[in-house]
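These are the structures in question, set out in turn.
Two complexes come next, and they have one chain in common, chain A, joined by chain B in the first and chain C in the second.
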Partner chain A sequence: MERRDSAMSEKPIHFHPDGQEALVELLFQLADDDFLLAYRGSEWLGLAPHIEEDIAFSSISQDTMGHATMYYQLLEDLGCGSADELAHARPASARRNAVLLERANGPGHYLREPRYDWAFTVVRQYFYTQAKRVRLESLTKSSYAPLAEVAAKIQVELHYHLLHWHTWFVQLTNAPLEARTRMTKAIQDVAADFAGVLTLGAKGTEMVRWGLIDEEKVLTENTIAALAPAFAEVGLDWPMPFGMKHGNGRNGEHTPDLDEALATLSEVYRAVPHAIW
Partner chain B sequence: MTNEEVWKALETVKDPEIHSISIVDLGMVEQVDVRDEAVSVCLLPTFLGCPALDIIRTRVEEAVKQAGASAVTVEFLRHPPWTSDRISEAGRERLKQFGIAPPPRQMPSGAWQVACPYCGAERTVMENLFGPTACRSIFYCKQCKNPFEAMKPVLISG
Partner chain C sequence: MAAMMTFTRLSDEEKYERFMQRIEAGEKIEADDWMPDEYRVTLIKLIAMHAVSEIMGALPEKEWVPKAPSLRRKLGIMAKVQDEMGHGQLLLRVAEDLMAPLGKTREDIIEDLLNERLKFHNVFHMPAPTWADAGLIGWLVDGAAIMTQTNMLDASYGPYARALKRICAEEVFHAQHGESIILALAEGTKEQKEMLQEALNRWWEALLMFFGPPTADTTGTSKQDITIKYRIRTKTNEQLRQDFFTKYVPRIWALGLKIPDETMHFDKEKGQWIYRQPDWERFKEIIRNNGPKSQERLELRRTAYKQNAWVREALSAVRTAG
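Presenting the complex of A and B:
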């Protein structure tokens, strides 16, 4: 599979104010994606397979939360509300994250008998990080300069996330017996919702029109090109086609898992709305 | 208050987690402006998720006020991105004093080799890409048998 060059050659060089609606929509997608996955990652704290992973994963999740904060900050700068409020107070129906990223880590609860699925987590993190890298590469050329700057900053940090998840992905899938079986199942599971990460939603065409990001097709092809070598490395067939089994989060469709996540993560914020963080 | 006095004050602001190195040595200070007695300081965040940023902001305000400024504003800039080659030569030495190997100057594709900050031996292995903070990794020296940390290289690739 060949990597395609940016199709944004005809994009407007400077951001046009008429594109603001599409820009806001895109920023909500970027912010909510990182925010929800960082939250799911934080739920592994103390539960990861070993102490080194506990340290690494919490570091990655904290960093990812920092990325979400930057996007919420850009939304705040555009007059959409305060970053804290945007992160904590919006109901599930207003969220734009992909459904894959809100899904619970597995059965149980992190305080009571967590039966979390490490294979699912590794595959979700690896697939998402590759898609995020492709998206950031496109965003560094965005017509909205503040977004392009933030993307360049996040891009240098993402290198380490990718190294980490690639290592887990290859080692677990190449391990014999149960590990490979569970990884193969997890890949199917993640692939069934992965189209939801790649889509730009109903306003995607507008986003491309205003030169904010490359079109969905280009992003998808580049993500596939980025993931494919790892499949060759572990000798597994490509899990196409990707689906949106649990709905399209970009259009506000979500699962009860998101309600549960928002209730937990915003509990303190809702209890003391005027607290200083 | 002069520009120089502000920079001098900023040299007293240490990384909250690495007490031997100042934010100036780390290359976090991008710009200093002095207008009458009001000072504005523009900083570059190292890692976006770094929880020390707010502490650094407060300490910069305190240090510059103590040096004579009547008002201080601290801003974290989005651009340019901070990179690990902004750390000064003196800063690289001070990291070693704290037991942290300075970051390599080239971006490695996978694991990288660093010299032990204690005994200088090259016989070291990476134990964990991620350390106690996002910007550090954990290594082990096979020569002096000490675990140590190394600062991650953060460079713009390509």
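Presenting the complex of A and C:
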């Protein structure tokens, strides 16, 4: 096996050199997905429907930000740059997160007139958490041992997230009139972009070939199987087919919502170049 | 049971006397115990204000949560603001029990806040325009809060004393979180140091105001005499402010920062810090919700409250059906 240490800085950890590109691509998808959703969650702080939810949601967003940090750290270990730089300094075109996860919480700004949509948030969080759980299960068997270890750690926290969002999803969708109407609309809205979460992007086949993760088809089937009982519980039709209405984030296609998010989340980071915070 | 029958037959004066004997002996009053109306009303005001201050206090820092400059800082400030909301929740529950005999609930507290019948703490009306402000809030505002709350740890009302114990333990972590941000800035680039000095200049007066006026004469009213009488607190506002100076002024100077008050010094003969009084007229305006950010932050909460009305309705429909 040929080794190409010279291209890397500071003794990076290696995967097979030919598979490294696919590994890095996968890690960026995982890291950016959790990072952007945690960011959207953090915007809700102080604005959730009640104070108990504010506390619970904040705790989930912290966990999710922690997961993103672990993935960025794996990238740092592979010599891709520092975790903070990868999280804060990459332009939108380099981001690999699903578009669904970058979308704003609703009209307005987190500091001015936040007309945030709780129904959209609940459905997005619930769908994503199910997909994440399926993905993690597959990742615990990944051929890249450091990733398998991280996946096992994250899995432990996910049980509670899933329980939380499932409760909201069922309770609000089963509530009368306005709540059900809003939830039904939110389900359509999330489904229209959900294929973007499920895809592994252009390098998906390579990822599978190197044993990094299961096939997209398998992951999709398992996610649908995981979501189906909840739809039975609320007595709604399955919102198929899933789409990528606002683009395929895995290919670097993104919305202005991401530009706005990146500008905000890196505002201080960029304010004084090379500073330690 | 017999003792209770005897107690109910006592006149109000006799009950009051027994109550005062109990608290003076260091006994704790519990939610279901008899208490004078003045005591109940004072506690409700104090604790409800404390609760909504924790909730409103999350807002100036909230501005910096999504913007925190590294992954570590993002995680730290998220956890910190979550704790503040947790304190708000804990205190709302304590206040709720006290309000129950008056037929009021937590909903009333939140609505009183939004309708401006209930005030929140003066510091949370102030702007926090830079990352240094977020650090300074953690370091000095939480530092000041630890002092006022420690002053009530032995409060005669048991449920409040117990809540404060937990809150104080967490506030110590917050002050460390704030201090760590401040140290990074103080040891940082020229821009970072300037950012820190400006934040201190901005917050100094609010920090002096934090402890409240020295006497009732300053602003017309002060609750400190009543709260001391009922053993809710022990030290006066001025004693607390002096304690704050003793702890923090040397630390501020040690970081190479300038306190924006050239008269500030420790008078060894008097054994106290000499400082320039803040503008107490301005203080009165601020707590009347006429501070620089009062309306904007209230509006943020009002918008969220209105925006989520359908969720509350749905939940209550679910509860009724269940």
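Keep in mind that, in the parts below, the second predicted complex is superposed on the first by the 257 of 277 C-alpha atoms of A that agree within 3 Å, B and C clash if a C-alpha of one lies under 4 Å from a C-alpha of the other, contacts with A are read in each partner's own complex, and residues count from 1 in each chain.
Note that in this section a residue touches a chain if its C-beta (ideal position, glycine included) is under 8 Å from a C-beta of that chain, and two chains touch if they have at least 3 such contacts.
Keep in mind that what you see is a predicted model, and the values were worked out from it rather than measured.
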Chain B and chain C placed together on chain A: clash or fit? fit
Original post:
A:Val268 contacts which: chain B (first), chain C (second), both, neither?
Top reply: second
*May I ask you to decide whether A:Glu113 touches chain B, chain C, both, or neither, giving the answer as first, second, both or neither?*
second
**Asked** So, does A:Pro176 touch the first partner chain B, the second partner chain C, both, or neither?
**Response** second
*Touched partner set for A:Ala152, first chain B, second chain C, both or neither*: first
Chain B versus chain C as contact partner of A:Arg95, first or second or both or neither: neither
| said: A:His246 in the overlay: touching chain B, chain C, both, or neither? Say first, second, both or neither. | reply: neither
The answer to whether chain B or chain C touches more of chain A is C
Review point. Is A:Glu52 in contact with chain B, with chain C, with both, or with neither (first, second, both, neither)?
Key: both
- Task: With the two complexes superposed on chain A, say which partner A:Gln62 touches: chain B (first), chain C (second), both, or neither.
- Result: both
In the overlaid three-chain picture, which partner chain does A:Glu43 touch, first (chain B) or second (chain C), both, or neither? second
Across the superposed arrangement, the tightest C-alpha approach of chain B to chain C, in Å, is 5
Interface residues of chain A shared by chain B and chain C, listed 52, 55, 59, 62, 65-66, 69
Listed in rising order, chain B residues that touch chain A in their complex are 47-51, 78-79, 81, 83, 107, 110, 127-134, 138, 152, 154-157
The answer for chain C against chain A in the complex is residues 55, 58-59, 62-71, 73-75, 78-79, 81-82, 85-86, 88-89, 92, 131, 181, 184-185, 187-189, 191-192, 300-301, 303-304, 307-308, 310-315, 317-318
Chain A residues touching chain B in their complex are 52, 55-56, 59-60, 62-67, 69-70, 146, 149-150, 152-154, 156-157, 159-160, 163-164
Listed in rising order, chain A residues that touch chain C in their complex are 39, 42-43, 45-52, 54-55, 58-59, 61-62, 65-66, 68-69, 72, 83-84, 87-88, 108, 110-116, 118, 171-172, 174-176, 178-179, 182, 264-265, 267-269, 271-272, 275-277
